[in-house]
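Given below, in the form of structure tokens, are the structures.
Common to both upcoming complexes is chain A, partnered first by chain B, then by chain C.
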Partner chain A sequence: MKKVIHEALFYLAVIVISLVVLFPFLWMLSSSFKTQTDIIAWPPKFIFDPTLQNYAKVFGEQDFLKYFINSTVVGGLAVGLSLVLGLPAAYSISRFTQKKLALFILLARLMPGISFLMPWYIIFSRLGLMDTYVALVLSHMLIALPIVVWIMSSYFNSIPVELEESAMVDGATRQYAFWAIILPMSGPGIITSVTLSFIFSWNNFMFSQVLSMEKTKTLPIAVYNFVSYAEVDWGGVMAAAVAIMAPAIVLTMIFQKFVVKGLTMGAVKG
Partner chain B sequence: MASVDIVNVKKSFDRAEILRGVSVEIRDGEFVVLVGPSGCGKSTLLRMIAGLETITAGEIRIGDRTVNELAPRDRDVAMVFQNYALYPHMTVAENMAFSLKLRKTPKAEIDQRVARAAEILGLTNLLSRRPRALSGGQRQRVAMGRAIVRDPRVFLFDEPLSNLDAKLRVAMRSEIKELHQRLKTTMIYVTHDQIEAMTMADRIVVMREGNVEQIGGPLELYDTPANLFVAGFIGSPAMNMLKGTLETGARTGFAAENGSFVPLPPSAALDGLAGRRLVLGIRPEHIRIVADATEGFRVTARIVEPTGSETQVSAIADGADVIALFRERHSVRQGDELWLAPTHFHLFDAESGARVASISA
Partner chain C sequence: MREPSFIEKHLRILFPLPAILFIALLMIFPILYTLSLSFTSWNLTSGAPLRFVGLRNFEHVLTEPRFLDAVFRTLAFTLGAVTIEAVLGTVVALILNRAFLGKGLAKLLLLLPLVATPVAVGIVFNLFYDPTIGLANWALSAVGLPQGLWISDAHSVLPSLIIVDVWQWTPMITLIVLAGLAGLSEEPFEAARVDGATPWQVLRFVTIPMVMPTILTAVILRLIDALKTFDIIFAMTGGGPGYASETLNIMGFKYSFEYFRMGQASVILIALFFFVLLCSLGIMKLRTASEN
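Entry: the complex of A and B
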């Protein structure tokens, strides 16, 4: 009996917490299918005639496909370049215990992003790089690179150093050992850091808002298209937000299982 | 195949001195074991031979070439690590072929050499498996196979058996020794286990705190240990040691500080040692039971452990622990009072620890 009560309380707690966490999401999802009148109705309408007009606006009136491409290009390049620079950096930090360097890189992450914006704005304008992919990719790398370096350096720490030592005695240079032995074992770590840094870039609002204009506008900024002086088109905002979130959620769900998988098993005694 | 000369090699990490001037000449084809307690610098020395640690001072030569500045890949040595360090994303065959591929060996020759090594080690059926699908002993064999295929000038082993269970360890010990007899390549083997050292080595290098304590064949170390440390380290159970002075007057014997008097046979070798502070060392297997105090020293048996082939008696002599090992059968029981006498003993200087005499009674 006691056990049943315990279990009931447990599930009650789960439901309550889930409701609190998921409510904004569910509100957004339902609002995206409502008319403006239904959205602002009081008391709130939980039963309503669903409409697709908001989505029609997002993909019809607005050029969301273009914003989608912009976000993908910026995110892809920022993450890709962060991997190219960050993987060797993380490896060096891990193997040569460069704690100060690691801290320095973290510092970039700790400082409020907004403090970089003013200098960037000036630099990028003078270089004529405003509203270009270059400016956006570089600014997003400010966050993506520390994510890659921090996740990967602790991941490399978990790989026994004897693996490269063995490869080096076997005839490899350190660089080749990194390439042929360490990287192929680092899949889970790389997927984790790619997922997290890509989602960051995908969701970033502040950097993109300041550094992009119509040509390179990314998705989160495009949501703003539904906000004007006269009124806020809540249905359009909600539908756009759902459309933006969908790829991120799908991406996370796909890679979640890879992230958990440990590939190092069998390398050493175990 | 090659000789390895280690000449006055030193190693410091920051301010900590790990090796304080080590010299060892290893002959071509020899099986040398570096042994000592943890922290003695044996693994560091091995890693310096492999090129994985820099050399602070001194010289290491492989063959007639100084290798101090050579990268590991240019030294033509193969190393087996304690945790095997198998590449988890490669099959057994790929693990073994890795070094040959790096050397751009023709495919046909790689296959042939991998097949041969697999045959020697009994891995032929496992070639397409990944390391995670292997048992500890099989992983150990793959690690050795990876070394064998290369046909290196020197094999280096860093405590390769310490992750295996006791039974497998004994079996692998014989296998490695057999492998050495078959390949006749120089092998340098690091372990903290003196039994491993004794059973496998042509010569043993006993190390402590960055210094070489003694170099010699297994029986040489057992019979004539250079000092107290080697005497205590080699042999199991360890040598009994009593501090005290030698008396050669009315009665010859060793007056230990705990109060025990060990009667010893008069010998010319004892001349001149009387009165000096010494340590009497008696191995457990060099003790016999005698009739009374005129022949031996009194002990009380505390624990009697028969194993069939021999019986180990742990006893107390005036507060000092004494262990005796008998191959013949005695009806000793716990609490019995016995008189024991050495059949063979060593004397060491109490100050320096150096051996001054070894005498058979």
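Entry: the complex of A and C
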């Protein structure tokens, strides 16, 4: 009997925890299908006639598709270029145990973004790069590169050195061994770093808020502006919030194991 | 054995070089630029040329009540949020640390807040906190408590923002601690059981001490990020009402991009920078200490 009560309490706790985590998402989702009248109703309505008008408005009137493409292009380019810069750096950190270098690159992850954003604003304005993909991609690379280096250097640590050493004994250069032997084995690590850094770029607000304007505006800025212009249109705002979160959540569901690994890595010594 | 080529001999420099140059150009140089701006008076909007003013910005900003308030607020927000997250996150991890039906799903749910766009999260909580139509007040009145103003009141705005941060980031501590718990060896637990320890004693004297280094690292990772919290505060209150939720990060942002007082903004950014740097040095210290 005691065991049964214990189990019941345990599952109750699990359900409570899950509900607390899930509730804001559920409320956002349900509000996005409510009419304005239903949203401002008091007491709050839990049962209502769903409507698609909010989504129609967001995707119709607002230039949402454009912002969606902007976010994807900026995130994609930033992550891609970070791989180009980060993979060799991570390999070198791993194989030559360059701890100071690792720390140097990690600084970009630790430092508050605003301490370089303000000078960027001045420099990019002078260079005429405001509201261009160049400025945004460069700034988002500073988000993606430390993630790539952090994850990949410990991933390379887990690949035995003997693999490229035997290739080198057979006459291959180290850079060829890196390219032809190590990289093809690095799929899981690359998936982890790409997923995580893309999500962080996707969610970034501060850099894009300052460096982008109408032409290169990304989704978080569009959602934020939607609030300030249409202060009371809660349904539209919630539909926009759903639209912006959906891709990151879908990515997370697909690559769950990799995301967990990336987020918890480094904190757990193993 | 063939002679290594130039590239191969210098691989340890050539491979990381592009990344190093990138970070130097996009991070180190701008930080130095900020440092030099802090000794100047320069308002981007006035068109007046940049003037060297020595330490006047530091004098001005560091003695300003608004700045000191922002420092304390940053500390209060960070310590408040991270303390709750650490306790709650660890407790949840200890609860979930067993095999059960739906564990995979529970772990997926825990991931969702971590990847949710903070600006959007802030907006959803704004709807919760709305004094007239929000669920928060509805819940209070449902259990017979007086309604609150949440983020619209100077006294409750910081706790209300902390709740949002706690909702979003507690799962991070939970997931890290869960991973730490999964990596513990079985032997100490068996020894404790053989010695007749109660489950409570096992938890208190075996589990917690063994997972402590992991908890500490998770906490410090959170501390560094919490100090820099920007998105939810900016999206939900913009630092208001008045300056009641203005942290260093928000204040630096306003001085830079609303007032365009670049010299004074630089001082604020440098202060925040050192705040975070001190915390990060703490992380290295603790990590090396727990490794030995």
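The working rule: the second predicted complex is superposed on the first by the 251 of 270 C-alpha atoms of A that agree within 3 Å, B and C clash if a C-alpha of one lies under 4 Å from a C-alpha of the other, contacts with A are read in each partner's own complex, and residues count from 1 in each chain.
Operating definition for what follows: contacts are C-beta pairs under 8 Å (C-beta built on N, C-alpha and C of every residue); 3 or more make two chains touch, one makes a residue touch a chain.
All of these numbers come straight from a predicted model, not from anything done at the bench.
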{"item": "Greater residue coverage of chain A in the superposed arrangement, chain B or chain C", "value": "C"}
{"item": "Chain B versus chain C as contact partner of A:43, first or second or both or neither", "value": "second"}
{"item": "First, second, both or neither for A:160, with chain B first and chain C second", "value": "first"}
{"item": "Which superposed partner A:114 touches (first chain B, second chain C, both, neither)", "value": "second"}
{"item": "Partner chain in contact with A:173 - chain B first, chain C second, else both or neither", "value": "both"}
{"item": "Touching partner for A:10 - first (chain B), second (chain C), both, neither", "value": "second"}
{"item": "Contacts of A:93 with chain B and chain C, given as first, second, both or neither", "value": "second"}
{"item": "First (chain B), second (chain C), both or neither touched by A:58", "value": "neither"}
{"item": "Contacts on chain A seen with chain B and repeated with chain C across the two complexes", "value": "169, 171, 173, 263-264, 266-270"}
{"item": "Residues of chain C touching chain A in the complex", "value": "1-2, 4-5, 7-8, 11-12, 15-16, 18-20, 22-23, 26-27, 29-31, 33-34, 37, 44, 92, 95-96, 100, 102, 105-121, 123-128, 132-135, 138, 167, 171-172, 175-176, 179-180, 183, 213-214, 217-218, 221, 224, 227-228, 230-231, 234-235, 249, 252-253, 256-257, 262, 265-266, 269-270, 272-273, 276-277, 280, 284, 291"}
{"item": "Residues of chain A defined as touching chain C within the complex", "value": "10-11, 13-14, 17-18, 20-22, 24-25, 27-28, 31, 39-44, 84-86, 88-89, 91-93, 96, 98, 101, 103-105, 107-108, 110-123, 138-139, 141-142, 145, 149, 169, 171, 173-175, 199, 202-203, 205-206, 210, 219-220, 223-224, 227, 234, 237-238, 240-241, 244-245, 248-249, 251-253, 256, 259-260, 263-264, 266-270"}
{"item": "Touching residues (chain side chain A, partner chain B) in the complex", "value": "160, 162-163, 165-173, 176, 181, 184-185, 263-270"}
{"item": "Contact footprint of chain A on chain B as seen in their complex", "value": "50-52, 71-73, 75, 77-79, 81-89, 98-99, 102-103, 130-134, 136, 139, 146, 150, 156, 163"}
